[in-house]
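The chains carry the letters A, B, C and D, assigned in the order they are written, with residues numbered from 1 in each.
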Amino acid sequence: MRPFIALLAATALAPVTALAQEAYRVGLSGALTGPAAGSYAPAIEGLQLYIERLNAAGGIDGRPVELIVLDDTGEPSRGATNSRRLLGQERVSLMINASLSSTFAPMIADAQRAGVPLLFASSACPAEVYPPAQPLLYCSTAFAARYDSRATLDFVQEQAGTDIDLGLVAMAIPLSRGEIEAAEGLARERGMRPQAPTIVPPPTADYTPFATSIQQAGADWVYAWAPWVTQVRTVEALRRLGWEGNYIAWGHIEAEGELARLRDANLYAIGANSLFSENLPVHQDIRAAAAGSTYPADQMAEGWIAGMVVEAALRAAGWPADGAAVNAAMQGLNVDTQGLRGGPIQFTADNHFRATQYYRVYRWNGEAVEVVRDWQAYSVE
Amino acid sequence: MQLIVNIVVLTSIYALVSCGYVLIYRVSRVLNLAHGELMMVGAYLLLVTAGYVTNPMVAIPLAAILSLTMGALVYLLLMRRMTGESVLAAILTTIALGILLRGLIVIFFSAAHQYPSVPLGLHSSSIQILPGARISTLSLVLVLVTAAVYGSLFAALRLSRWGLRMRAAGQNPLLAAQRGINLHFIYALVWGIAMFTGSVAGMLISLDAGLDQTLVLIGLKAFPAALVGGLDSLLGALVGSLIVAAAEVLLIQYVNPLLADVVPFLILIAMLVLRPWGLFGTREALDRV
Amino acid sequence: MSLLSVDNLHVTYQRAIVALSGVSLSVPEGHITAILGANGAGKSTTLRAISGFIGLDNARITKGSVRFDGKEVAGLAPYRITALGVVLVPERDKVFPNLTVLENLDVVTSRASPAKRAELQATVLDHFPRLKQLLNREAGLLSGGERQMLALASAIVCAPRLLLIDELSLGLAPVIVEEIAGRLREIRDDLNLTVLLVEQSAAVAFRLADNAYVLEHGEVALSGSSVELQGNSAVQGAYLGTGAEGRRSYRDARRLREGGAA
Amino acid sequence: MYKRLVPIALAVCGLVALPIWASTSAMDIANQILLASIGAIALMLLTGFAGQISLGHAGLLAAGAFTAGILAREVGAPFWVGIPAAGATGAMLGLIFGLPSLRLRGIYLAVSTLALHFVVIYLGGEYETRRGFSTGILIDPPLVFGRELWDPRDWYPLLLVCAGLTWLGARNLLRARTGRSWAAIHDTEPVAAALGIHVARAKLTAFVISSTITAMAGALFAYYRGFVSIEAFSLFVTIQYVAMIIIGGMGTLIGAVLGAAFVTILPHAIEWGTSLLPTSRALAGSIFAINYAAFGVIMIAFLALEPGGLVGIARRLRGLIRGRG
């Protein structure tokens, strides 16, 4: 028993890097690795690049921003350990979650107990951020449960009316299934004929059986809301079966590159982020910053927006910025997304999501990925 | 009609993967739970060879040969030390090997989703093979490859001398050694062939559906197919794969797609209770364990 | 002159049980030599020590030497000794049950060239005609006698220089043992084989062997040509139960060494 | 006898004094070690002593955690009801997990428990989505003696007591008749049967007792984390527990605890190690992979080089010292 107590002591007194006291301290726990890393790691790197660029330009009023990034591999137990370390030992004044929904609960509980605001960036927005919002919880991620399905069904109705058979595709993880089952209800209300949702278990060797059941049920349109892999594998299998219908999927960060790879005229992606091909000044900034990084620039919009929100919050909170000060500042935040999104991100005391959520639909039109329908606003009640 | 085609494709995927389990168990009495990871490593090897030479007709065979040698090396460097150890120790060594490979793959290739078909310029078009039934070219290739692999394995085990020696080593290693058969070569050969067939399956799946960590789970799903047929016979692996694949496809179509994930294991439990040594396995395999 | 000479061989099991304590014997080329002895006298251990398959249930050669054709082989890896031409026919598990008779013959590695091997296979099948009729039958389905024939045949196809046979007659009916022993003698003459035979039944041993050794408790108690040993009253008393003085109490058999030493 | 008491007394007071000077995250690690050692002792009883291979450990942990979670959420059952209820589920599952062991041995038994693991996880997933807890079940901190347990420092005494009780219970069990019957069926079942030991009953008791303790450990874990979700009970968790009893040393209770400590501390040690390297930010991306690879290498090293595990090494060291001392 003796040796392991000594080892334990060693980790306890690990060299707490003595930080210059005047830096703003922000902590992040995210899925840098693990099965879900594909859609979170690029966003985290985008945020790191933003903060580095901010510090290079003198930080906030001369003080640098110290971003502590911990990997939780999408596992709840690691998420809990990270949040205790960030709040207890690193004493951060703002905590960010960029991971699977399974890590939410322990981090929410710790943040509310420590009175430190928790920002969900690139991870799905939990229901607690919608009005009437719970204290301390904010979300800057593009996709949002409930509103995505409504916007998608509006678009489908606009294109093909309501006399259609609607296929529904989700992955067998609780969040994706929940949203698609809600969409089934919404579609039925509008008079469409929704099929029973096709829920695909994650490790699938061959997607053809799932595509067959959708095709044989005679779907004209198919709506998919799931991780990008499930969405794209299903449409590829459907095309191989000779299905010519229209397929609309949620535009994750990989969407732009993938639409160019697939070159499918009837494949729509609905999203809240703008296209990098528009080459707005902010896109150029991201490309410049992302030169030489492991992930492609067009997957970093989510992380960049999170950086904007963090900067705005810290700048509004002033110095010294403890949890309460940053939280108070975030209540009235108004962040201009410089074209990355359809509009600004506004937080109010009651709405920690955004005042209006903008959706855009795009697809491949033969030579490039083009915008089929420009920003469509939905006010968040 | 399309359902039958789907069943044939899924059967050949599971068969090509599960023959790796059967070969290793039948000859060296070791259950290789790292087969899923070895299959994934084979697919990533294709990513490496595709980086150097973009002609698929060269890249794929090159990667296949690399995986054959790697399979043999896995035996010679690691599993050879485990001969004579307890059953649990041997299984756990394969599990540990699997964990090690998973870690190394992420270190070298990052966790992102990769597409080996892009550098090779392969686009998976689809063909109409029967009225009302279409299949992707790669799936067709996979079915043909599975048929070729099983055909050559059955022939080799029946006719070629090395095939006989593999069967002999599986039945009575001591007597095989007394008759001058070099057991280490046989085991290395069989581990090589198992990784070869697994890697070919891994490559074809990744050319069709892209490549990432989840390929390992497909290896795990093929495992019940090998066991249902009896860990001990190739014919069993084929029949087992057919049963599991047919159950999955029909359940997805008519009952509830969610069951596809757990169906193979339900069949496995039923089989273990009724006939633990599987349909074609030899009962002796059970007592010996 | 002798193909195999074993000098003062000691073998212990699990570092505790002494199986052989000082066995010395030599097998002249072209001869059939037998090892006799009661159960547990160390007959099989000697064979396994010579063939190299000793390390199985952690037995170890602790002292002494085994010289084959002038070369020291004690402690060599089994497949190296087999390559030199020493082939063992084990007591149990002597055939591959799921392979057919023909496959059992094809599977073994032979020191002879492919052509010579085919010829060898043909002659051995001539000597065991019953096997020729059963070529496509699975070995597991053969009778005890046929199985022993197949084991001998597959060993001979390896073109051995020294054939070690562990228990030729075990579990077989006398008439079958007679037939196999006769066949073996013909093959020995035909192929000039050198054979070291471990045998329980002295009758079979003396009928086949030119000379013999009698082991007792891991030591060589008696040795000599078969004729001499057959005449030796002590051996008769202990093994054949037909001692000159009529019934003898078994108790004295233990002092076989002092009493009837030749 | 006296000579053995000194190290044990030292260890106990060392453990009791720990909360005074250790930091919160160190306390969190200590609590995780205690939780892990309860599960490891349970698996050691089943595989180390009774020789029944089981790859379903994570499934049992999940069953215990879900029972506690469901009761806390649906019925609002307190801590004192949740733990024994989880134990009952564990016992029931232990029977189900144990039945195949009557017919199967070795590989086939391992496989049947593996299959049961996937079934339990599937049912857990179904429950989570049916009842709308799409992001897992939140459990508020339990009330024990009127005090709300949230800070690792409050949890530590309770967990220490639980681990201690499991240790003592296991030790007495091994000395009792059940323990001896387990030792018999460990190696040669036919001989055990010949000696009149009711092999089937011995096996089933091994499975039931081990599963009950494991399920309670799962429930404790759920209360400690305040949260239950299926992602937390992947196959990797089973492999971690099996690694604990191997690295610790098969067939010894102290081995289970040492293995639990080793496997729990390893990822933190690696993370601390890589944070010292200059390129720590680049490596942060592949920490998970380095952990996985290191875990694999260490397990292989123990399996191939030192089957006796840490206990084996300790014994060998003590032999060396005594030999030379």
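Quick note on the criterion: contacts are C-beta pairs under 8 Å (C-beta built on N, C-alpha and C of every residue); 3 or more make two chains touch, one makes a residue touch a chain.
Because the structure is a prediction, the values reported are computed rather than measured.
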| item | value |
| --- | --- |
| Middle chain, criterion being Cα centroid separation | B |
| Which of B-C and B-D has more C-beta pairs touching across its chains | B-D |
| Distance between the centres, which are taken as Cα means, of subunit C and subunit B, whole angstrom | 44 |
| Length of the line joining the C-alpha centres of subunit C and subunit D, rounded to whole Å | 55 |
| Inter-chain centre distance, subunit B versus subunit D - centres from mean C-alpha coordinates, in Å | 32 |
| Distance between chain centroids, defined by C-alpha means - subunit A, subunit D (Å) | 35 |
| Touching two or more other chains - residue numbers and ranges from subunit D | 285-286, 288-289 |
| Touching two or more other chains - residues of subunit B | 106, 110-111, 258, 261 |
| In contact (per the touch rule at the top): chain pairs | A-B, A-D, B-C, B-D |
| List of subunit A residues in touch with subunit B within their complex | 33-35, 37-38, 41, 172, 198-210, 212-213, 216, 229, 233, 236, 239-242, 254, 261, 294-295 |
| Residues of subunit B that touch subunit A when the two form their complex | 2-3, 6, 9-10, 13-14, 106, 110-113, 115, 118, 124, 126, 128, 134-136, 139, 205, 209-210, 212-214, 217-218, 220-222, 248-249, 252-253, 257-258, 260-261 |
| Residues of subunit B defined as touching subunit D within the complex | 31, 78, 81-82, 85, 87-89, 91-93, 95-107, 110-111, 223-224, 227, 231, 258, 261-262, 265-266, 268-269, 272-273, 276-277, 286, 289 |
| Residue numbers on subunit D that touch subunit A, as the complex places them | 7, 10-11, 14-15, 18, 21-26, 28-30, 33, 125, 128-129, 132-136, 138, 150, 152, 225-227, 229, 231-232, 258, 261-262, 265, 268-269, 272, 281, 284-289 |
| Complex contact set, residues of subunit B against subunit C | 161, 164-165, 167-168, 171-172, 174-182, 282 |
